[in-house]
Each structure stands twice: as structure tokens, then as C-alpha cells.
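Notes follow the structure.
All chains are identified by letter, namely A, B and C, in their written order; residue positions are counted from 1 within each chain.
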């Protein structure tokens, strides 16, 4: 439902857009952005938590006591062990195990990987698609512009979740039901990417329209720079800050969308669970006293989304000069 | 004194009156995972639907609390000779609209249940000819002896000829029709309850039938049925007292329900057998890294798979004790000599050795097909199987899907597209012949095209088929049981299938309600009593 | 103006056609519907006969043309599972979904605007921070988990609210409403909160951001300079200006609310279109799936069209450019 997270107008003068390689560090330190960052303890915490999650995901194999995706490593005899600090806890299962004898902590770490991969790739894909279409629409104009924007209009009212379900279904019907876990990941990225591109396209198109009339573009055209170069080198950097805001918020939304799809049965398979799949499975144990199977993945997901959202909020406020 | 006596007499009289008419005054609310889709009793052969219909419709015969066949609309029957049966119908029975029940209705129903669009074709043999002798006597002529003729007739409900004709419902609702069938939305049975209102997939209200011919064994005036698909919500509704009976209770929630103080879970073994099958028909498996040959054709591989799987561990961990490991492809309640069979214990080392002997010391890869919304904890069982097979080096790629996709892929119309799968089976006739014929029978029998239709593994042994044919016509029970035993022994010797267990019934019942649980998992509320509120 | 409206309507029809094709193509291979209609021991010959009678053996073009011709007349065929016309089923289920979606939207607007205004005007108070926190949690937990937690708390533990269904409904013509009975209203509370939480968060943040922006504009400064009371400035000018985008976004989001009702309805067994759709997906009931998608897109397209036209009416400048601002 990202559709209505209305981005701020694109005329925000973006600080630090053209940071050159040398001296970027001083620029960052001296920037308004960094100043505002340091002022907010909440933002620092959110950034640290987000960073921690990414690190945990990257180094999951080093921290985990088992690979929860490898059935040979799961022992049914170890199923449903409560967390370590409770009376029946057992080492090495810090947060307990689930029905299949999967270590909950390892499952969270590996699930985090899947969720983040889906989220990051989904956002990257939708960003690339949106930026490309936005640039084309804005720069070329005319019929192409109105076609792209019409599609965008329609899609903006069409909820992401339905689009994702649709894409999921189309891909499944094309490739048959035989989809392994890895290709399922691809499908999710595709589905999420296709549902979130509109905001980027609109934002970029808006900036392109503003920039197009400026003198430096005319100058660039005059010296014979090809259109793609002008767009990528000169127009695009000026739209980076709103895009960054959208991307951050969309990352959170993409991860939630994946979890929701998983609840509706179109997410990652049980043998290779994402955080969302873990919560869906754990859901079944909410009444049965095995709270740890759902509580920890749920907590991890909420903490992750919350920190990303906080970062996004701060970015939006910080990059919006009107709010300073 | 006389006043007092009068008063006493009045009280006694009142008490007697209360006791005599077990005041049908209670409303029972019931929630099931599945919904009641059509009221037409011939359109969907599925346990929950059949059980719902049983409240309003009745067959010639019924089954009692122990699944024994008992008279219903037929008061009695006899076999004049092995191919000639005679049924004496109950007199004075009226349909809910007041039409009298006669032999014409039986003949009509026999045609209708075998007409296009019926899902109950196999319940009544196609070669059986129904002949009206008089208004209350019907003869059935067969082309060959069939001792289990009436074994599926408890699910064949009798409909009103006149009513069906009046409402243009002579045939079971054709699925392609553009207008709804009247019979899909309305009922006119003879049973103990009348459907007062029916919103498909939302709510169905049953009212007691005051004119029912039988003696009610319940104290209800009304049953309100609501489907609740979500497990958590269904359990919550029971715990909060919003409903009185739910089916099923997910096994992980059983303890919670029992500890709640407001409801308990009724458990019992179900007749359905859950088993694993291995494609032994193809020369090369569809989904495996072994090319040019089919490892499952090697009996040692099948034995190794069998021995690698620890059903007791599945029972204890995945099923939380609520399953009965099975040595046979049929539930012990349905076959008298089941106790002669014991299931070999899991033996990882033995399995590894067998794999090595067969030339698969390093195992191989195979894809497993599994439903994830059909049987109790089906996907979890499959995951456990994957883990167990990993220990003998077999890498199983699990494809767990909703039943719609799963059945579409693995069943005959989908081309048996599977290499290794999990399936559950309840013999509709409650008889071993069904298992021997449908699951263990050879596919592609030119004489009998329906043989082996559910034999997704393509197991084939002509000796077993020959026995199955003899079993069908044998009417001496003891002799028949011996032959069945012999047939099952053949299948076991061939390691044809890997039976896992019979899953447990799991009904959540409010403490205010007393209920009878039947092993076929039909929730029959005409045996329910509810405490006064 | 007429030409513009006409063009938009043609576009809308194009969208509907596209949705129809996608929906149909998607579900055509989603699974074998025959498996859902019959029991597992049904013979292959019997299955083949049913396939034929359903027209599943026709070439796909024929099947689609046939379907679309009927859909244009609101004939969506007969549901495979219920063997009832899909149009009737949708008609029966629609009131439930629309009532839920409307309640959720109203709830979201009332609380969203109140909380948004407060947190904009009293930016640094504890309560404003609390509102911010609530709004963040609202979008940080998956909807289905929120629903189940609510059930656990209010139905199972406290026993205050029903865990499923609509309670008692009253029929007014073909429309069934739960708004006129106590049990119906009680049943509406938790699903509305679950469904409306996300929208509330959205509205609250939007109101807050817009308010902050408007409060900075020159005419507000001017109003202050003129000596208007703070109350008049805040509510007479600032809020009024804020509400236009809020109402627009809420309107455009109504479609989303209906779509997200799929999840809420599944959790609370709410007998609406979303639940019907989810069950149809599980049972590969193609007529219902296709009809649902068409219905939902019809609602989207209609809302979009109305908003477009209203915009041009309200803001004459747009008549020239025809493109709607973000």
C-alpha cells in the first residue's frame, strides 16, 4: 500500500548530490544531513539496528548453529524445545526450536537473509524500472509520456498486494507449478518490483520536466551530448534525494508485502522460510504455548521494519528544506 | 393436604413431561474448516459435505455409531439369490414438503445418482437394475454377485421424485449450467433436520424436523453451521464460547483447548491411511538426477526408503502422539486380520546398506510432491520425511502445494506427474477390496479401466490383481479375510508403498455438549445433546 | 471537457479489458478445477466429461471471448464449487466487504486526522511522540498478525468481542447490514481496526506533513499578522487546506482497502468478497477469481475516473494539461 505515501515535491534542493570521491568524508561530516542525523538519538538507534540486521543477515552462516535450509541438519527429536533460559531449554538452541527441530535463531537469521534479499532486490528492481520509465516519460514527452503515466495512474490505484498476487500467478502459470525455492525468490522480487515502480517514475518525471527547461540542459544539448548521457549524468542526480526517501520506505513495505504474500500462501516455501513464512508457520502455535516459534520472528520483523521506517522518516524530514 | 398433594402431583407431572419430551430446546453452533457448498446430495463426495447432508437426507441404509450398516429408509432387505436383492421400504415416511416416500423415489434416486454430473457414480453399481415390486418393495438385479453392494449406500441419499421434477432438478446440478439448480439451494429430504436457511459459504441453519419417523437422540431445536477456515480463529471461537463444536482442532492446540475449562477435544483414530508412494512404473523418473534408469524399480531402494522413515518419531513429534503408525494400507478397524501385521522398525544402518547394495551409496536426488492443506500436518510430515531421507544420502526437493495444484499434478488426469509423494486414502466402501483395486491394482488393465486409478506409484503385481477379483465375489467372510491377508502380504513383500499412519480425529467440543464421534470423521449432530443454558 | 471525459472512459474500458485478459490467462492454468469438484476416487472418464461440460477443452481464445461477452452483461458464469451464478455470490458478499471497508476508512480518517493535527500542532509533546510511535508500529507489523493478536486479546482472553463473522445481519432489500444490530456492530470493531490501522497511519502522517507545510506558507503568516486567533488559523485555514489532499488520497485508497480486506476477512472469517476470493484461489474456482478481479478493477477505475473528473471541475488549470499532480 505504498501507493499513498506521497513523496514530497521534487524541487527539494538535494545536498551532497555530486559527492566526488576525494574528500567525501569531510563533506559528509560537514553536511546538514549528518548534523541532523547526530541530533536524533532515535535515528542513530534505528540506523544501528538496521545495520545490525544487515550484518546478521550477511554473516548468518557464521553465527547460526545450523543451516535451517538443509533438511539433513534438522533433527526431529529436537523439535519444540523452548528457549534456553526457560526450564526445558537446551543448548545450543538459544531461542528454542520449531516443529521440525529447526533452531529458531538460525531460522531468523537465514529468514532475515531471504527477506532482505527480496526487499533490497525488489526495491532495486522497482527503482530501476521506475527511474527508467520516468526519465523516458519526462524527456521524450508526448504520446509516450501519456501512455506511461496512464499506466502509472492505473497502477497507483491498484494495490501492490493484488499486483503481486497477479504476477505470482502469471509466472506460476507460465512455468508450471514446478518452481524451486530459488526461482520463487525471483518471482517475489519480480512481483514486488512490478508493484512499486510508479512512485519513482512519477518523481523522476517531475524532476525531468523541471530540469529540462533549465539552461544547463540546453547547453548540454547544444554541445551534442546524447540524451541518455544528459539524463543519467545531469538530470538523475538532482532527483536522488526523493528517490532515496521512497526507496527506504519501500524497502520496509516490500518486506511486509513478502510476509503478507506468504500468509496468503504465495510466499517462500516452508523448506526455505523468510521471516514472513516463519511468522505464518509460527502463527499456528500462538494458542499452543509454543510462543517462541512466532514471537521471535515477529519481533525481528517488527524491529527491522520499524528501524527502516524511522530512517525513512528522518531522511524525508532531513531532505525536505521546508521542514528545517 | 389435598392442596399439597395436588401441588406435588402437578410438580411430578411437570417433571415427567419434561423428562418424556427431551425438550428440543437447544441451539447448537458448529464450525468446520470446510464449507457447505451445495445442498444437492449428489454433487460433492467429500466427508464434511456428506455429513451435513446426513442431517436432512437419508439413504436406504445408514451406519450406526460404530459404522455398522443399519436400516434407514429400507426397513429390511434380503438376497433372494446372489444377484437379486430385495428391499422393504419404511412406510409412513414423509419428505419435508409432505410428499410421501415410496418406491418411485428410490428408482428415481437410483437414476439420478448415476446420471451425468453426479459425483457418486461408484456408490451404486452401474449394472444394478432397480425394479419396483410394489410401493414399498424394490428389487435390485445385478449382473454378477456383489456382497458389498450396499457398503456405500449410506452416502447415497434418497430424493423426492415429484419435488425434483417440479423444480427441474432431474439431473444433479450440471456444473456448466448457467442457471443454478434448485436442488443446490434447497433441500427436501426425509431426515431429522430441515434446512431453514442456507447462505453458501457463510451460514446454514438447520431446524429440527417435528415429523421425523425416527426417535430423536438429541435435544436440539436448531443447529447453526458456520465455516471458519482459519485454524486460529476457529479455536478462538470455541474457547470464547461463540461456537459449541469445531472440526478439526489443529493438533498443536489440543492441549490448550483441554486446559481451557470450557471445551475438550475428542480424539479417536480415523479411517484414513496416510502413506508414501514411489513411482515404479516409468523407466526414468520425471524428477530426479538419476538418468536412464529408475531407482525405485530396485526393490532394495524401496525397502531402504521404508526403513529410513521413523514413523514413531513422526508420531511423537509431528503428530504429538495423535496418530497410529500403520503396517497396512488400510485402517485396522476395517480389516479383521490387521493385528497379524506388524510394521518393521526404522533402521537407518540397514537402509544405508541396502542403498549401497543397490549402487546408490551416495544417494540420489528426487522431488517429493506433497499437499499442504489436505491432511493433518501434511506438509510437516513431508518435511520430516525429507530430513529422514537426508540421513541415507537421498536429497529430497520438497514441493508442498495447496491441494488444488497438488491433485492436479499427481492424479491420473494430470498424468501421474510425480516421482515420490504423500497421499491419504479412506476406502469409500470401508472395505479392503477398494484399496486392493484402486491403489494396489495394476494400471492399464484393458478389462477393467478403473483398476489402479489411484495407484499413482504404478505398482503392479498380477497375482494381487487375480486375488482382488476373487475377493470381490467371495461371500464367505473368513475365507475372504484370508485372501485379503494374502494380497496385503504380496504388496508388503514388494515394498509397494510406505504406509505411515492413521491420523487422529480431533473435534473440539464444548463441555456443555455430549457428542458421538464416528471413525469416518462425519460430525453427526443428531447424536448431540446440549446442556440447558 | 466532454472529450476529456470520453477519452478517460475509453481508457477505463481498455484497463478493464487488460485486467480481464490477465486475470483469465493467469487462472487458466492455475490448477485443474475438476479436482475441486469431485472426490479423489472419481474415474478419469468422469473427469473428462466434466472438463468438457465446463468448456475447459475449448481453445483458449474461444473460452475467453465467451467469457468476456458474458462478463460485459455482468454474467460471470457459475462457480465451480457452489454451482451458483458468480454474480449472485458476489452480490451476496459485497455488502459485507463494503461495510467493512467503509467503517475501516471512517475509523482511519477520524483517528488519523485527529492524531495528525495534534502531532503537527504539538510537535514535541509526549503524546505526539506516542502517536508517532503507534503509527509506526501500525505499519511495522503484518496485518494478519495484528488481527490474530486482537482475537487472542479481546475474544479469547477478555471475551469482549466476537472472533469471527458478522454477527446478526438485517436484510434491507438485497443488501444485508450488520450496522443495525448490537452483535453486528460488535463484530465490526476488530476487523475494522485491523483493516483501518494502516490507512490511519497513512492519513495521520499525511495530515501531519501537510499541516506542517501549510503552517509555513505565507498566507498563514499573513493571517497571523492580521491577528486572527490561533484556533481560527489552525482549523479555519490550515486544516481546511490540508483536507483536500487527505480526502483525495483516502478516496484513491478505498480500492486498496477493499483489496486488503482479503487478509482481514481471512483472519476474521468475514463473509465478504475477499474471503470468497481467497477460497476461490485455494479451490481454483476460476469464475469467481476472474469476476472478483474484474469487480475490484471496476471499482478502482470508477474511483479514478470520478477523481479525475472532479479535479478538472475543481481546478480549471488542469483542463488544459489533463495530467493529474501526484
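In this section, a contact is a pair of C-beta atoms (placed from the backbone, for glycine too) under 8 Å apart; a residue touches a chain by one contact, two chains touch by 3 or more.
Since the model is a prediction, treat every value here as computed from it, not as a measurement.
Chains B-C form the pair joined by the most contacting C-beta pairs. Measuring from the average of all protein CA coordinates, the nearest chain centre is that of C. Distance between subunit B and subunit C, defined via averaged C-alpha coordinates, is recorded as 39 Å.
Averaged Cα coordinates give subunit A a centre that lies 46 Å from the centre of subunit B. Between the Cα centres of subunit A and subunit C there is a gap of 24 Å.
Shared interface positions of subunit B, defined as residues touching 2 or more other chains, are 232, 236, 239, 402, 405, 408.
Residue numbers of subunit A whose C-beta contacts span two or more other chains: 177, 265, 283, 286-287. Of all residues in subunit C, those touching 2 or more other chains are 30-31, 148, 152, 156, 266, 282, listed in ascending order. Those residues of subunit B lying in contact with subunit A across their complex are 231-232, 235-236, 239, 250, 252-253, 255-256, 287, 310, 313-314, 317-318, 372, 379-380, 383-384, 386-388, 390-391, 396-402, 405, 408-409.
On the side of subunit C, the complex with subunit A involves touching residues 11, 15, 22-23, 25-31, 136-137, 139-145, 148, 152, 156, 198, 202, 205-206, 209, 212-213, 216, 245, 249, 252-253, 255-256, 259-260, 262-263, 266, 278, 281-282, 293, 296-297, 300-301, 303-304, 323-324, 326.
Every residue of subunit A that touches subunit C in the complex is listed here, in rising order: 1, 3-8, 146, 149-150, 153-154, 156-159, 161-162, 166, 169-170, 172-174, 176-177, 202-203, 206, 252-253, 256, 259-260, 263-265, 276, 279-280, 283, 286-287, 298, 301-302, 305-306, 309-310, 313, 322-323. If you check the complex, the residues on subunit B that touch subunit C are 31, 35, 37-38, 40, 43-46, 116-117, 119, 121-122, 173-181, 184-185, 199-203, 226-230, 232-234, 236-237, 239-242, 373, 402-405, 407-408, 411-414, 425, 428, 438, 449-450, 453-454.
Looking at the complex, you find that subunit A touches subunit B at residues 70-72, 74-77, 79-80, 99-101, 177-178, 180, 265, 269-271, 283-290.
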